[in-house]
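See below for the structure under consideration.
In order of appearance the chains are A, B, C and D, and numbering begins at 1 in each one.
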Amino acid sequence: MKTEFIIEAALAIQQTILANESTLESLDREIGDGDHYINMKRGATTVAEMQADLASLKPDEALNKIGLKLLSTIGGASGPLLASFFMSMAKVLKENGDESNLKIAAAFAGGVQAIIQRGKAGLGEKTMLDVLIPVSNEFVLQATQNNDIKLICAKLIQTAEQGMLSTKDLIATKGRAAGLGERAIGHIDPGAKSCQLMIETVCHLLLKP
Amino acid sequence: MKKFINKVDNILVESLSGFAKAHHDLVELHLDPNFLTRTNKAQNKVAIISGGGSGHEPLHAGYIGYGMLDAACPGHVFTSPTPDQMLMAAEAVHADKGILFIVKNYAGDVMNFEMAAEMLPFEHATVLTSDDCAVVNSTYTTGRRGVAGTVIVEKCVGSLAETGADLQACKALGDKVNHRTASIGVALTSCTVPAAGRATFDISDTEIEMGVGIHGEPGRRRETMRPADEIIGDCVEAILMDFKTRQLQPSKKHEALLLVNGFGATPLMELYLIYNTAAKLFNLHNLEISRSLVGNYTTALDMAGASITLCLLDDEIKQHWDSPVHTAALRWGK
Amino acid sequence: MKKFINKVDNILVESLSGFAKAHHDLVELHLDPNFLTRTNKAQNKVAIISGGGSGHEPLHAGYIGYGMLDAACPGHVFTSPTPDQMLMAAEAVHADKGILFIVKNYAGDVMNFEMAAEMLPFEHATVLTSDDCAVVNSTYTTGRRGVAGTVIVEKCVGSLAETGADLQACKALGDKVNHRTASIGVALTSCTVPAAGRATFDISDTEIEMGVGIHGEPGRRRETMRPADEIIGDCVEAILMDFKTRQLQPSKKHEALLLVNGFGATPLMELYLIYNTAAKLFNLHNLEISRSLVGNYTTALDMAGASITLCLLDDEIKQHWDSPVHTAALRWGK
Amino acid sequence: MKTEFIIEAALAIQQTILANESTLESLDREIGDGDHYINMKRGATTVAEMQADLASLKPDEALNKIGLKLLSTIGGASGPLLASFFMSMAKVLKENGDESNLKIAAAFAGGVQAIIQRGKAGLGEKTMLDVLIPVSNEFVLQATQNNDIKLICAKLIQTAEQGMLSTKDLIATKGRAAGLGERAIGHIDPGAKSCQLMIETVCHLLLKP
């Protein structure tokens, strides 16, 4: 992994978030408080503006800096969760290195683990974890099998999509939608949607010829 | 959306600046990260810090001052603040007896305050408020939401802290007040988050949202508009049921505090009408309303609607509710 | 129309009953005719009585208590009270030093209070408040309307009366405060009178009513919605122009009280933003804001909008503004 | 004049007010505060309910009682004005008697005079007086000429109508609409409208065969 790629990914993610304003906004309006798009936009824009500061850093340093920045920028539920993700991913990368897809997958899994710990949620609670846990598992599996990055990306896009869609029929037991009971059914979780979009964006970047 | 706004991104800082200017005798505003502290730093007491998304004014900055909060950390509209705000606020107001965070129970608030707490170089504790009984079966959830009852918790804990009580005692009182408090809200209209520029939910001219949250989150159910007494009756019922479930219902006459809270766009005239009916109904159930608060104390921007909060008093809570307080939004005895 | 109402005809009495119950330590409610008095009848002082149509809460009943009013006479919503209310109130609160009526300058209020005054068996005087400078050329009118500045008049006169000052002194101070005060309001939405069941005026999503009255009366002009600072700029301009016309503009730094008043449905967040800008702008014109009040103090039911009131302070007014007051809606120093 | 007729007129006026809800309400909404209909309805209904109390009284006593009742019932600007009208009319009737149209016209004029004194307004200020002053003048003139009551009524209906319509193009200089300046032009004054309606109603009663 290169810091250059991290920056490129950050810019692409910003574009994706901006392009999905109405989707993200209405999802959080339906079963939340309507600010998820604004939160994600604030975070994505801030990271995009860090380009110059990040360029000279090592990848793990860059990710850690992004995490710290997100922590003081996003707020809400998604802020500390995404921040924890990047800071923990950075930590694993720093300790283990980033020379193989497997090491990167392990770092990704470490990031997801931090979200689980921070939010005390698991699979099936109608949160971003319904995207992140399957994606993390799939990533590790694919990398263990030593598959080509193109194949890995294709798989992860698909897994993320499935995870995101799976939140639709769930009752929420974590996050703001937990207050809704049955009324949450039929609505996709906004955090799951934004995570799916971000994963897809990064994978598309990697798939680019 | 018609609002007194210049640029959506600036509304928070402009409003906080106005607040700090209007109440410069009480509060000092710090920007970037944003937090507000008491003008006269309290000495040798537990420092009480609260915070949360903006849009619930006067919560929390309006409760900074003698007998209540030492600092408040306002997030963006309806978005919990970030840990750096809490850390800086704690740094500014800690007075050698530790820090008590009062946090409304929302995933975002909880996690941000938690991360701040983990980084805090001082002794600390947290009271989570969770008075909203709108969600009937809360076993499958992360717990109830913190709403207007938070004001009662902040008032009582603030009062106790002023006596020099230690951190554990303050936390214990906060937990007790929270435990003995239940709230439920009803929305007649949606609120409009400035950055979103449109109503959070659609609701027709003949509907109400029963059990709505203070961010316009959907509640128990969508209902048809009915005479006030019927709506209030259902709210009182919900609170009584909650007390019953939690084995708090009094078997003989018991004093209680009744808070009728406007969400921002409901005339005082209607709030007092609600109070009138609610007080009567609680009275029929051994609850004698001996303390009252009626007005806009925990709002949801420009939402029309109101919440009813009941707190079961005991001598300790009564003493700390009655004690002097001097803040922008609550003031007596001083 | 969605409101917390049972029967339109009962809203006033139900609301007053709630108010009296919630503030039983401060006020006593008398029905048929309707009026409210201080719980502890003041002795040996000028009795200050105000009143007017309901729907402007907390005006006037919210200002009954030590340091402000002795009684208030609430009319039906937006309809001035009738002379029998004022007569009974005067009978109840007179304390051997005469009666001072504080009346907002509307034909109906003026005439009803006038007829009461004519029948009054006590020494009496009347202060007419007329702070609304929305109508530019008032020479061809019955004079300016009384709006939020009335709160400042009631506070100062109430304070002076508490010192045992005589009727003429109280009237003189009331007239002076009124003279040194100017207000102007802006509506973003209409209010809805419960009995009418529909909005008083139609206004689109992109319009505002500049100079609106507190009953939703049309103002100076219908305008296009603009950034807050532009609207506030025009309001400040109107007040400065009014002071200039009345030769009140200060030639060097002068202290002033700035009251930013919400009409009922405007979030506190926006009111403080308005305050922030207004204070800055007045400062540029030698007006140093040394006293402030921000909140819903003279409302127009559920109207979204706000008014800006400036009162030119002098030592006497400052003293009486700062003095202790203990009412439902305004409380400090006691 | 008989008390019986006063009661009959009161009931008829109540019907008229109720039948003109939307007209009166919207006129006061346009240039006032929207409560004129409610105020008039409250007054008219209260008087209609006084039937039993009034029946045994002499006409002047009945009118005085109506005035007093209106004073504590209507409120607003119209309350003290209409109350003054009835109380003064009663006074003149009591002093002068009611045996001729001229004496009744004089009493009516006395009532209008009381409104002028109470409200300190005159002709052309866009108030109820733009109906009442011309009607009062015409009434006295017609009665002086000893004209038949049918003719008088026809004239008064016409005069009231004209007066009411005349308020449309005026700027208000008294009452709530005085704050409006030019913006009051094009709107009929609500008080003028209700007075015109009441006069018309009473005249129609008298015209009934």
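The criterion applied here is as follows: a residue touches a chain if its C-beta (ideal position, glycine included) is under 8 Å from a C-beta of that chain, and two chains touch if they have at least 3 such contacts.
If you're wondering where the values come from, they're calculated on a predicted model, not measured in any experiment.
Centre-to-centre spacing of subunit B and subunit C amounts to 29 Å, using the average Cα coordinate of each chain.
Between the CA-based centres of subunit C and subunit D the separation comes to 32 Å, rounded to the whole angstrom. Subunit A and subunit D, compared by their mean Cα positions, are separated by 75 Å. The multi-chain contact residues of subunit B, meaning those touching 2 or more other chains, are 77. Taken residue by residue, subunit A touches two or more other chains at no position, since every residue touches fewer. Taken pairwise by the contact criterion, the protein chains link up end to end in a single open path, with no chain closing the loop. Listed by chain label, the pairs that touch are A-B, B-C, C-D.
Contact residues on subunit C toward subunit B in their complex (touch as defined above): 1-7, 11, 14-19, 21-23, 54-55, 57-58, 62, 77, 188-189, 205-206, 208, 225, 227-229, 231-232, 264-277, 279, 289, 292-294, 296, 299, 301-302, 304, 306, 331-332.
In the complex of the two chains, the subunit D residues touching subunit C come out as 25, 29, 31-35, 38-39, 42, 71-81, 83, 118-119, 171-176, 178-181, 183. Interface residues of subunit C, counted against subunit D in their complex, comprise 33, 53, 75-85, 106-108, 111-112, 114-115, 132, 134-137, 140-142, 144-145, 193, 195-196, 200-201, 213, 215-219.
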